[in-house]
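The following pair of complexes shares a single chain, subunit A, combined with subunit B in the former and subunit C in the latter.
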Partner chain A sequence: MANKKVDVAIVGAGWVGGIIAAELCKQGLEVVAIERGHDRSTAQFQDDHDELRYAIRNELFQNTANETQTFRHNLAETALPIRQLGAWLPGTGVGGAGVHWNGQTWRFHPRDFQIRTETIDRYGASAIPANMAIQDWGITYDELEPYYDKFEYMAGIAGKAGNLKGQQIAGGNVFEGPRSREFPVKPPADTPLMALFRKATTSLGYHAFTGPTANLPTGYKNPDGIERGQCTYCGFCERFGCEVGAKADPTVTVLPVAFKTGKFKIINYANAFQVKNDGKTAQSILYYDSMGRVQEQPADIIVLGSFMFNNTRLLLNSKLGTPYDPATATGVVGRNFCYQAGGGGASAWFANEEFKRYMGAGALSCAIDDFNADNFDHTGLGFLGGGSITVGASGARPIQSLSVPPGTPAFGSAWKAAVQHYYKRVVSVGFQGESPAYQMHYMDLDPNYRDKFGNPLLRLTFDWQPNERAMIAFAGTKTLGIMQEMVPNGQVAKGGPLSPTSADLISGGPGSLPAHFDTTAYQSTHITGGTIMGADPNTSVVNNYLQMWDAENLFVVGAGNFPQNAGFNPTGTVGALAYRAAEGILKYHKNGGALV
Partner chain B sequence: MTDEEQTVPPADPPGSSRMTRLGLLHRGAVAGVTGVAAGSLLGVGEAKAAPEAAPPPLQFLTAWEFDYVTAMAETIWPTDDLGPGAREAGVGYYIDGQLAGSWGKGNRFYLNGPFYTPADTGHGWQVPMTPADIYRAFLPGYDNYVRHTYGAGYPNLTAALQTTAMTDLQTGKASIPIGGATAYASSDFYALFRENVLEGMLADPSYGGNKNMVGWKFIGFPGDPMRHGDLYFEYIFSDKAYPFAGKPLPLQPAYAKQGVTAGAAATGSKTPANAASNKLMGGM
Partner chain C sequence: MTDELDAYDGQWVAMRDGHVVAHAEDEESIRAHADVQPADLVFPIGVPPSGFYLINV
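After this line comes the complex of A and B, so read on.
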């Protein structure tokens, strides 16, 4: 027998589920979240400064034994399962990946939302490679701004505006879109390394600013009345839960607000696998309960708020929407699978100077945006797009933070000496690059491999393309230039034998990407697409309220909505879209019908 | 050819008295048995060390495997003038515990078939084996390779030859068939093993390695950041040196956490930065 029908049922209790639940419950709607994992709170993280358990053995992430993705580099290959976590770390459990994130909270540029239009306007249609499938979002930055604002004030994001109502402000990110008001919390101070980066980039004529952060530098009370204390800079953010609640996560922000209304319930250990539907209307969420029995949660409105892989898989398993076909570039579900390109960074190993690298916060950083998006002229460069350049102090947990100069042996006494000398003396400038969409990059159901319940795994088709290789090569020259300014006497390491302590060493120059995309090396969990938003039902799954074109009472929300990925961390935009969807759901609940 | 090369089979059956004795000798050294105590063990030929010096029982590795793994770990992180190596840190015990535990048994690995040898790079683990299976299958094959190539088992090679033999893994030069197939490259085992050694040197000592926090002391990592009190915020934004960088403290379970704020008071700290948050935590 089905559960009691509710107003709204949501798959997943992470940022998306939590934000939507809080907003709807405040308006008196009854909401149930179907969550495959267990309950979580700060109390569980009181002794989590354990790098092995959390960062290496992956305590907080999706269990790949139960469910993973298969991966291939091109349409001709047989996809192989990703048998252990590597390139990305999808979350699970209450709070989702919002529990283990770093807290870097960006707004995408106005150009990012109109990438196709603006690229053609500035460079002509021929500048876009034939197979590159970048498209506009169907929403503008200005339309999304109020929802960004809402997310930032709820989460207590610390930073300094670089553009207030169109007026550029030095010290903030002058390339950002206009903000309607200042950040809710003042930015943290500079660490010595951030100060070094700020000085170097400023003297090069770039525009340095403090990275916007969800790790509170001071106490904060948000509009919902939720009070949180300040960060301890323990250096255990990404891959860990925050034991003091200083890192904004759903369990210390929106979920308590939803619960307080008495209108919200989470069903734990419930694995949603299908949306029951008649092709036009979503009727219920089908899920396996903790005993593996099929259960049914009916609702007037259904929201898919799980991680982007799972949102796409749920639609495909539910036979909702037309699956994307890469041969003809028709269909929508699974379309425009994108990632992000790294590999354009630079590092320096100091002879003497030390940094307290083990101290930090996930989003404590200094950044420049001069080489992101279309903030610089691409004429003659041979690629589109760019990325953010940052120096971060996110905490050097030792197992993962032993960096030695190129040319150092990989083991033995010489390596050991370098490890000791450089643990506190290595600094890196990182590049987080855009990942444009391509016709052949998509997601569908794998024909060979299944999850623990017997449902097909999601199959990913993706590889690095010439545009990103050219972008990364370019980025590497820029980060090297910054590093040389930061370390004026640094010798650019060429490999070969080194005497580690005699000189400052730098590694950098034209960046490169591996021959093929590597599923084993962690890059980021910033994976996007599959349920993209847009203005045209032929090329998008949802409209700009994240309402599905093919089923008006179904909302699909998350990074899967990005038609292509920008050169920033995604959570700020995911949060904004969740607030936008909540508003759309309330409208739909009142009046019904298509919202666009 | 050494004595051991002639007498020790590659994969000695567990419980062989000679291997158990040899293994325990090495293990005794790991556990910090003095030269005198080790000598007495040799003389008596009986594996009974003093209770306080007794090494913990192995949970997965055989004595022969333990010996091998420990010698190989010493090549990665050797004992030298700069400080203790993997043997003294107990890396062999760390690896033993990991292989006996859920990770070694394939927890969180997707091991459904079918299995294929990847046509190109970037696909990672593609064998129907757990890490424990891999160690068990790989080490005898590697031992065979090392004996044929360098004339003795790894633990008995000179340090220089051990480095060469390890480099053969790193580069994939050593071809080690597992179950008649070579889908698992020796460079894959090298990467796995090296990572395990780093973990054994730098994970919390409760996992059996990083004994006396030798790894953390070596690089200057302070261990659990809050054990000396909530102090980082007083240091992170300045050039001021953190006084406890060389004095690490291990994880302390929440149920045992007492006197954290007392520690802060002792160093003249202000109210802990997280006091407000701690108050809030009751709400969730």
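After this line comes the complex of A and C, so read on.
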């Protein structure tokens, strides 16, 4: 027998599910969230700095023994299951990836939303490689700005505006789109490392600013009346839940607001596997309960707010929307699978200068945006796109943050001595690059492998392309230049390993990517596409309210909506889209019909 | 589709229209290579430099 029908049923209780639930419940709608994982709360994380449990054994992440993805580099390969988490870390449980994120909260550039139009306008259509499938979002930055603002004030994002209503402001990110008002919280003070980066990049003529952060530097009360205290700089953000609630996450912001209305319920240990539908209307969510029994949650409106892999897979398993065909570039579900390109960073090992690396916060950083997006002239460079360059003071956990110079023995007393010496003396400047869409990068259902319930796994087809390789090579020269300015007496590696000496050491230069994408090494959980938004039903799954073109009472929301990925962390944009979707759902609930 | 790049691990390559037109041990050599034209994409193949650690969830 089916559960009681509600106004809205949501798959997933992370940022998307939490924001939408809070906004709808405040307006009196009855909402149920279907969540496959545990409940989460700040109390569970107090004094629990267990790196082995959380960061190595993946406490907060999807269990690949139950469900995973298969992967291949191209259409000719047979995809194989990813049996251990590596390149990315999909969250599970209440709060989702919003519990274990670092808190870096960016807005994408105005150009990102109109990337195809603006690229052609500036460089001509021939500048876009034949198989590159970048496309406009169907929404502009200016249209999305009010929703970015709403997310930032709800979450208490700390930073300094670089563009207020069109006026550029030194000290903020002067490349960002216009903000309607200042950040809700002032930025944190520089650490010595951030100050060093700021001084070096300013000296080089770049435009340094403090990275926008969801780790509160001071107490904050948001418009919903939720109060949170300041960060203790314990350094255990990424892969951990916050032990004091200073890091904005759904469990300390939007979910309490939804619960307070008395209109909201989460069903835990519920694995959604299908949206029951008649081809035009979604009727209910089918899920396996904790005993493996099939259950049904009917609703007038259904929202897919789970991790982007699962949103795509649910549509494909539900036979909703036309699956994408890479041979003809037709169809929409699974289209434009994108990632992010790292590998253009530089590191330095100081002989004597120490930094208190064990203290920090996930998004405590200083950044430049001079080489991101189209903020620099690409004429003659041979590639499109760019990325953000940052130095982070995010903490240095004892297992995964041990870095020694190239040439150091990999074990034994010399390695131990180097670890001890360099733990507080190593710094990195990182690059986070764009990932354009390509015709042959997509997701579909794997014909060979199934999950523990017998449903087909999602198959990913992806590899690095020449454009990103050239971009990373370029980025590496920039990060090395910054590092050389930060460490003027540093000895730079030139084609061979460095030997630890009493000198300051630098590693960097033109960045590189492996011959093929590697699923085993952690790179980023910023994965996008599959349920992309747009202005044309032939090339997108949802309209700019995240309402599915093929089923008006179904909203699909998350990083899967990005037609391609930008050079920033995605959560700010995911939050903005969730607020936009909530507004659309309320309109649809009142009037029905297509919103666009 | 682009050419298979496994054979060039640790080297620099020059690519034109998705195909490797030259490879060499370092950037200076690849740019000086007779088969390389100014518009070719030139980049190294391989794992990122040691010591680089990206924390970005």
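Assume the second predicted complex is superposed on the first by the 589 of 596 C-alpha atoms of A that agree within 3 Å, B and C clash if a C-alpha of one lies under 4 Å from a C-alpha of the other, contacts with A are read in each partner's own complex, and residues count from 1 in each chain.
Here is the rule we use: contacts are C-beta pairs under 8 Å (C-beta built on N, C-alpha and C of every residue); 3 or more make two chains touch, one makes a residue touch a chain.
Since we're looking at a predicted model, the values are computed, not measured.
In the three-chain model built by superposing on subunit A, subunit B and subunit C fit together without any clash.
Annotation for subunit A, partner touching more residues between subunit B and subunit C: B.
In the superposition on chain A, contact is made by A:Pro81 with subunit B only, not with subunit C.
The superposition places the C-alpha centres of subunit B and subunit C at an angle of 80 degrees about the C-alpha centre of subunit A, rounded in steps of 10. Contacts of A:Ala515 after superposition on the shared chain: both subunit B and subunit C are touched.
By the touch criterion defined above, A:Ile472 reaches subunit C but does not reach subunit B.
In the superposition on chain A, contact is made by A:Phe411 with subunit B only, not with subunit C.
Of the two partner chains placed around the shared chain by superposition, neither subunit B nor subunit C is touched by A:Phe307. Of the two partner chains, neither subunit B nor subunit C is touched by A:Phe183.
By the document's definition of touching, neither partner reaches A:Phe273: not subunit B, not subunit C. Measuring only between alpha carbons, the smallest separation of subunit B from subunit C in this overlay is 8 Å.
Taken together, the two complexes place residues 514-516 of subunit A in contact with subunit B and also with subunit C.
Note for the complex: subunit A touches subunit B at residues 41-43, 46-47, 49-52, 56-58, 63-65, 68, 71, 73, 77-78, 80-86, 188-192, 219, 227-236, 244-246, 251-252, 256, 356, 358-360, 393, 396, 398-399, 402, 410-413, 416-417, 419-420, 423-424, 448-450, 514-520. Within the complex formed with subunit A, the subunit C residues making contact are 1-2, 4-6, 8-9, 15, 18, 26-27, 39-57.
Contacts from subunit B toward subunit A in the complex involve residues 75-78, 80, 82-83, 103, 106-112, 114, 116, 118-126, 163, 166, 170, 194, 198-199, 202-204, 207, 215-216, 218-222, 224-226, 230, 232-233, 235-239, 242, 245, 251-254, 257, 272-281, 283-284.
On subunit A, the positions that touch subunit C within their shared complex are 74, 89, 97, 100-102, 104, 238-239, 340, 342-347, 349, 362, 382-383, 392, 394, 400-401, 403-406, 426, 428, 430, 432, 440, 465-467, 469-470, 472-473, 476, 493, 495, 507-516, 522-526, 569.
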